[in-house]
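Remarks on the structure that follows.
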Amino acid sequence: MNALNLLFQFADNFAFVVLAAVGLAVIFGMMGVINLGHGEFIMIGAYGTTLSANAGAPLPVAMAIGVLVTAVMGLILERTIIHRLYDRLFDSMVATWALGLILTQGMRILFGNSIPQVSTPLGNIAYGEFSYSTYRVLLLPVALLVLGGLYVLFTRTEFGIRARATIQDPDTARALGVDTDRMYTATFVIGSALAGLTGALYAPTLTVVPGMGSSFLVEAFVAVVVGGPSVLLGTTLSGGLLGTIDAVFTNLFGTFYGQIAMLLTAIVVIRVLSDGLTGLVETVRNRVEGE
Amino acid sequence: MSGKRSGLSRRSFLATGGAIGGAALAGCLTGGGSGEETVKLGIIEDRSGNFALNGTPKYNASMLAIEELNEEGGILGNEIETFAPDPQSDNQRYQQLTRQAINEENVDALWAGYSSATRETIRPIIDQNEQLYFYTTQYEGGVCDSYTFCMGATARQQLGSVLPYMVENFGTDIYTIAADYNFGQLSADWVRVLADENDANVIGEEFIPLSVTDFGSTINNIQDADPDFVMALLVGANHTSFWNQRTSAGLDVPMGTSTVMAQGYQHKRLDPPAMANVYGGFNYMEEIPTDRNQEFVSRYYEKFPDAAYINEEAVNNYFSIKMYARAAEAVGSTNQADIIEELEKGMDVSAPEGDISLQGPVHHMTHNMRVFRCDEDHTITVEDEQQISEQFLSETVGCNLRENEETTQYVPADYYEEADATQE
Amino acid sequence: MTATDTDIDTETTEVSTAETTDASETARPDGGTPDAADSGTTDATRATDTSGRQSPAVAATGPGTDTLLQTDGLTKRFGGFTAIDDVDFSVETGELRCLIGPNGAGKSTLLKLITGRHDATSGAIYYDGTDITTRRPNERVDLGIGMKFQVPSVFDELTAYENMRLSVQRTHADAHLDEAILDALERIDLAARATTPAGELSHGQQGRLEIGMAAALEPDLLLLDEPVAGLSVEERNEVADLVTELNDDGIAFIVIEHDIDFVAEIAHEVTVLHGGEVFREGSIEAIRDDDDVRRIYLGGE
Amino acid sequence: MGLADALDRLRRPFEGPNTLGNGRAFWVGFLVVLVGLVGYPIGFGSYAASSAALYLLYAILALSLTVIWGYTGILSFGQVAFFGVAGYSFALLSMNLESALTTMLALPVAVGIAALAALVLGYFMFYGEVRDVYVTILTLVVALVLNTFMAQTAGSEWTVGSVALGGFNGIPAIPSLTFGVGETAITLDGAAFYWFTLAALVASYLGLRALVNGRFGYAMVATREDEDRTEMLGYDVRRVKLLVFVLGGALAGLSGVLYATWGNYISPSVFGITFASIPVVWVAVGGRRSLLGAVVATVVIEWFRQQLSATGSQYALIVVGVVLLASILFVPEGVVPRLDAAIRGARDRFGASNDAPEGTPE
């Protein structure tokens, strides 16, 4: 087993888990809404990107359009549907599942079963007899940038403080003059935009078809649950853990074992750590501070 | 137009549903499967869900064939009706719709399903009802069934055309990557059998779950093994990601296939050069340069100007519907047992791919197999062409449906040492 | 936000689980809980406190003793914060004991340790001859410990009848169930509201219903956490009567209460908790006149 | 009077505040509908019966989720795991030991295996203090593990006895249920299968009505409302949840066996995320605290989806999505409880009701 292979595969897997999960994690962690249409939001981002690129936009611009389209869609859906479903966790699951159904089939009717795909830019990194797609490897720093950006947004800005106040205690936040409705809307739009970004980033390297969302959903769910309640730390930690496990098991035993190992890890983590990996970090920190 | 037709039958269904039970029962008894006054064909093809990409051209081509037949006066002087629901790529729904087609719509013949999983799901229902059924996808082979006619090329035919070509041109070390399900496993078995017959070696083999979209480790594994060529038997939308990823990773080993381009037209959908240096063994691609084919292609796009591609399966639907019509005319009725008997005598068929023939005793086709090459610009050229008959059932197994009733699927592992993966 | 002592421990855990943003930021609430302020005097109180302490107990409960409940060196820590610190505390059969102390003294935590809602960090709890330290809450209920929470926590969506049925069906066979439920409702004066969803009952009625449900389990020891907080004078008296009546039937009580008049009305013995430790124990009169108790209350507020 | 009283006594165990539809009028309606359902194959033939049988067996799956989710407050997203496990178990048992006697025995054994799987998973979760949405996701992940695992069993090494697991393609040619031995054996297909399924559904429905209105039902409802509080009344909440989960697993298993024999086929797609979502949809639309709601919604939704699919329209899935969205947004408590409330409202307005008001203890 080549060490660089393993490293690149890890980078690839880590980025995939983090990017698949981050939009779902923001919406679930901050609003308590499980978006079963998350995969379809990613699909919309990928369609926005691919269609813009096909229309002649340079790839970075096309990606920005993909993100924007998804964010606007998130805004519209939040104002019309999602905002009625706060505090109704399970209803929101059914509703977003239905939305996913509508989005998938809607795109099929509008654009057909497939659209011309964009090719992957940036060539490859060659080392010895091996090579790896540069673009896929670069998704790791991009994933880290996304996480860093969210960290700054939620901890260092006025908006972030208000948003967190809203989540912890909406009534008090409202009494302090925070427009909590707007905070929820903004959070949902950010979550949608992140899903759109994931779609935009993977548009040049995955197959963009109406049903593509389902390939993100499982990883996203598993990562969010394994991560636990703290959105950013949790997503980062589960990206690290699941990425490593996938890379190692895939390399040792094959792709099937990589998938199974990841799912089994999720089951064990949920069982052993009721608050996910962040719960573990919390406990350890409390213990250290307690001494 | 199909919407209108099925809308009609749906209304009549609702009407019967609303009527008193006795009347509906009487309707069931009189509307038998061999009614002379109408001809009704069941066309159950996916137009939504995972297989919509492959199913839609099949649906289109069926409608084209039926329209052409109707313009010529239909079958036995009757206009052809259709029952054409959308099974939404859901096998359980296929079961329901197949039962509806047989028991309620009383279809005279049935075309249904893309994947072998679908075929195996509905075949018990077909056999139980002794329903004439055409399965048109290129598939793993081995189905010896008194009521099922397999119109697609088998893995042995498809791989048998491309694999010897690859060995001759690139070398003897083969690395197989295949979708991890029944079709992929059996196709990989055939790669081993054919490698042995052509004095080549399979130096590596990897089965990839249908849900996988990330091929980083697979690409590394191929580079590690350093084969002369790869046999890529990948299936479905997720696996299509492989081509972009192998190109961007700089993996430039030539690849042979029986499963991409002719089914999911990846060379049209992906940006060049994703499919560069891919060689496929198929009975049909719409790029076949013959006049007969080009004329067919223009008829198709005239009827469906927005259609994306004509895939291998679409053409199999097209010629088999025409073939069915000829058989019905020959026996002078739509009696299913008579038509099966007629078809079992064998038949020469003029198809868009060329002149081919039905091998009656095994319910399979001798196809005009070509090796197609996709270049840097995604231009398709024909590299090789030969008639290849179905051999596994007719020669190895010795299946003869003219003499014995059967509903079996045979697998190569029972007949070839090389195909038995458990031996290694 | 009003931080009553009961809320301290739950607050700590709640905040840490509700923390949904980056955990590296404000992992825990600021250190300035009311307790941290109190426990500035911990060392001093520990010195005075030793005299009131009982000798380390062995399982001195059960048949042949008068002691129903005994804790031995009971300690509970939340992270770095010690809510209950090495407490030895006992209740006799049929006794009615009040538990008082300033906010953050650990009164509710002690009750939750006894009911099993919290697990002890160290120490042991004996009840009626059994070591119940690691028993699950429902097992402790089966042994005869009942509990009424601070905030009325009846099942809001179920009717008063259905609420009561949940208790009564544990002690009665099907044949007598209906009768027994109505009797139990009668006893707490709620028979007329049997079909009303509990969430629509008044605060006082909910409190009575909850005590009634706990009593219907036929416990030997009932724990009440601030049973009269927020009630009108009339409602308060009804609760006092109910408690006295049940106590007369032989049920022992541990009652947390701030309302010293209410305490005086019902209690024989009073235990004062402070900073997670037993500060004083004695008759209500003695405690009332104790200058140190007065001082910690004033200092604590 | 004597007969009416006797009938009233008969219905008492099935009534109570935990179910909709109490009182004489309801049971008269129930019997009328039941007679209609029993007569359906006679009126409409065996194809209609076999179509309807699918909806009825799905309704048993929906009931299994209602009892777990609606009554006990645990949303299991993985009911299909037990459905599939039982279906596969039945296939492997009946095909390995093919005889009338063994298909008869394979039914309870397969249901038992599903219940055992639920017992193991439930013990693992509830005695490990896994709660709320984490139970939901954990059960979903279990279904997905089974999906991933079964989908890769295409190779010839994955054979149990004489039966290949078949990977993605699944197992075809599963025998139909057969009762009796030798010449006297009755194979359940067409109308007979429909009646058997209907009987299983009615038995499940009535059994659950009796359960939720009895002692244990109260413990379930209390657990749903507030676990800590329930524990303080001496109930072992973990045990309550585990028992309900096992019961739900067994019912889902029964449904799964019926499914496997309905189409003589089972494949890993029963463990997939699409199929896993569907019971949640049925139950949410029907009203998750209503057993009747689950049954009605399942039958109506599945019939509707099938009709739409048969039209071949590309808008079929969009229509399904829109209808679901609308029902969640505008009828959040579920369609059947809403109808029940509307009927009772109308009755009150016209003062025609002689029945005791709902929820009155008797």
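Lettered A, B, C and D in written order, each chain numbered from 1.
The criterion applied here is as follows: contacts are C-beta pairs under 8 Å (C-beta built on N, C-alpha and C of every residue); 3 or more make two chains touch, one makes a residue touch a chain.
Just so we're clear, the structure is a prediction, and the values are computed from it rather than from any experiment.
Of the two chain pairs examined here, C-D and A-B, it is A-B that is joined by more C-beta pairs in contact. Look at the CA centroids: the one farthest from the centroid of subunit A belongs to C. Here the chain at the heart of the shown protein, by mean C-alpha position, is D. Distance between chain centres (mean CA atoms), subunit B to subunit C: 74 Å.
Note: centroid distance subunit A to subunit C, computed from Cα atoms, is 46 Å.
Rounded to whole angstrom, the centroid-to-centroid distance between subunit A and subunit B, based on C-alpha atoms, equals 37 Å. Among all residues of subunit B, those that touch two or more other chains are 48, 180, 207, 209, 211. Annotation for subunit D: residues 148, 152, 314, 317 touch two or more other chains. Looking at subunit C, no residue sits in touch with two or more other chains. Residues 48-50, 52-53, 56, 180, 206-209, 211-214, 216-220, 223-224, 226, 237-238, 240-241, 244-245, 247-251, 264, 268-274, 306, 308 of subunit B are the ones touching subunit A in the complex. Those residues of subunit A that touch subunit D in the complex are listed here as 34, 36, 81, 84-85, 88-91, 93-95, 97-102, 104-106, 108-109, 214, 217-218, 221-222, 225, 256, 259-260, 263-264, 266-267, 270-272, 274.
Across the complex, subunit D meets subunit C through its residues 17, 215, 218-219, 221-222, 225-226, 228-237, 357, 359-362.
Those residues of subunit D whose C-beta lies close enough to touch subunit B in the complex are 39, 42-47, 50-51, 54, 148, 151-152, 154-157, 166-170, 172-173, 263-265, 267, 269, 306-307, 309-314, 316-317. Residues 2, 5, 8-9, 12-13, 16, 105, 108, 112-124, 126, 129-136, 204-207, 209-212, 215, 218, 247, 250-251, 254-256, 258-259 of subunit A are the ones touching subunit B in the complex.
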